[in-house]
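Look at the two complexes coming up: chain A is in both, with chain B in one and chain C in the other.
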Partner chain A sequence: MATTTATVSISSGDLNPGSTLSINASSTLMKTGLTTGMELMEMGNHTLAVDTEKALSLALGEVNGSHFVYICNTTTDDTRYIEWGLHETMIGNLGAGEWMFIPWNNAVTSDSEVELEAKIGAATFEYAIFKSAWTLPAAGGA
Partner chain B sequence: MATINASISISSDIMSYPARINKTMTMKKLASCHGLEETTGLRTKKFGLVTTAAVIAEAGELTSGQAHKMYIRNTSSSKAGYFFVAYNASAAGATTTEIIGKLHGGDWMLFPYNGATNITVASDGAEEQTLEYMVFADGIVAAEG
Partner chain C sequence: MALVPTLTIKDSTTFSDEISFSVTHSLTTGTPSQGLTKATITTADNQELVDNGVSGVFYFYAKNHDANNFVILQTTASEQYARLSPGEFCFFPINDGNGLEARADTASIILEYAYWAKG
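This part shows the complex of A and B:
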């Protein structure tokens, strides 16, 4: 069984006057059913032209499963950012140099991609998807 | 200007060679080099076995269309229980289209949030669970008197 561990640390010495913020958390990512570690992953990077979209799809993945997505906007121009969303609703703006990490359960069978759209200018991002299960396309005729 | 740093480290032996992701970011305002300097505070909330959707980040509380960051963690030690995390109005069931994902015990998430929709959670599991969450804000709307 593979083991995948995700750790986060958040710190600030001046957000709250008089107290230092220090959050540390670590989790072992488990497949749906919770007895086995993740066994599938996909990594890549992509450049988006301004106002164009890219969808990270789990179309052949397990619906209502336990999947995780990491995305980092590797653009260095602070004025450029990437909008992200699900089901045609934009949820947030990922700035240059910023990353995100979310669980993704692929709630419905269609239109459940994580959508990314570059704003202000072209943007490059890297991503990793940790999957519970994945079905390869069936072989066609011909 | 405050400085808030967040780092992620992912290690995996899924592939035949070790996969490592290590990134550190400074949380910034939208399309800016200036760091975030506001927060709604670090909060913890205990939930019952199965609950209906509850709002943990309210759209009207934050300036809409900005680059807020939201951290959420299920602090429970058992993987058996989980929280549905969703945007907009509902997080009550697996088939709700607004579901982002499920946070099992120990799982965490950190994502940019534009403040235009609510972020909601619903508990589901065999035991009480505690949620830890915090919004790093790119603008907080002052409550009306």
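This part shows the complex of A and C:
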């Protein structure tokens, strides 16, 4: 059985009074339910032109599916950031060098793309998507 | 104040090539912040964890401590964008105006969470 594990550690020496902050959490990526074995992984690098929106698409029909997305804004110019959102709702700003990891999901529509838009200037990003299942698109016919 | 989050992903069984990567970045944080907290999230209502009326960009961390049930994360306008299965975690930035709500689906769960304002 394929097993993908993700681990996050978050540390700080000056956030908590009198002690260091040290969070460690690890989990095996699961399909909906408690089954392991992600079936598709997609990785890539892209450059977004300023004010240009791109989407990381979900497979059609996977409402309430299990999908994980990692995105890192690899831009070095710290005035530039990437807006990220889902299904036409902007959620947050990913600054230069910042990363995010989220089990991306939408309950009401299969059109639940993660959307990215560069602000201030062009921005590069790397990403990885893990999907629990993948349906190949229908052939266009001969 | 500095916060250093690191993500590591490993998989040696899915593909012929092992997946193993790690990313880290030092973040400057300000106020307000919410230190590590455990809260019971119920199925009865959407529970607001980050107030949409507080200005700023927030780095949000959460982990579902339940063994069997998942929890939904959404904006305060009820736009769902994440579903944390048992034992899973997330870390991502959210903007002011969006807020963050959690709602258990099948039964109450214990959610560990924290957030820090971008400095």
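For the reader, a short list of remarks on this structure follows.
By our rule, the second predicted complex is superposed on the first by the 131 of 142 C-alpha atoms of A that agree within 3 Å, B and C clash if a C-alpha of one lies under 4 Å from a C-alpha of the other, contacts with A are read in each partner's own complex, and residues count from 1 in each chain.
The working rule: a residue touches a chain if its C-beta (ideal position, glycine included) is under 8 Å from a C-beta of that chain, and two chains touch if they have at least 3 such contacts.
Remember, predicted model here, so these are calculated numbers, not experimental data.
Three-chain overlay on chain A, with chain B and chain C in a clash.
By the touch criterion stated above, A:Tyr70 is placed in contact with chain B and with chain C alike. Of the two partner chains placed by superposition, chain B and chain C are both touched by A:Met38. In the superposition on chain A, A:Ser11 makes contact with both chain B and chain C. By the touch criterion stated above, A:Ala49 is placed in contact with neither chain B nor chain C.
With the contact threshold set out at the top, residues 2-16, 21, 23, 25, 27-30, 34, 38-39, 41, 64, 66, 70, 72, 84, 86-87, 89-95, 97-105, 107-108, 128 of chain A are in contact with chain B in one structure and with chain C in the other.
Taken together, the chain B residues at the contact with chain A in this complex read 2-15, 19, 21, 23, 25-28, 30-33, 37, 39, 42, 65-69, 71, 73, 79-80, 85, 87-88, 94-104, 106-114, 116-117, 134, 136.
For chain C in complex with chain A, the residues that touch the partner chain are 1-11, 13-15, 19, 21, 23, 25, 27, 29, 33, 35-36, 57-58, 61, 63, 68, 72, 75, 77, 79-95, 98, 112, 114, 116, 118. Taken together, the chain A residues at the contact with chain C in this complex read 1-16, 21, 23, 25, 27-30, 32-34, 37-39, 41, 64, 66, 70, 72, 84, 86-87, 89-95, 97-108, 128.
Considering their complex, residues 2-16, 21, 23, 25-30, 34, 38-41, 43, 64, 66-68, 70, 72, 78-81, 83-84, 86-87, 89-105, 107-108, 111-112, 119-120, 128, 130 of chain A touch chain B.
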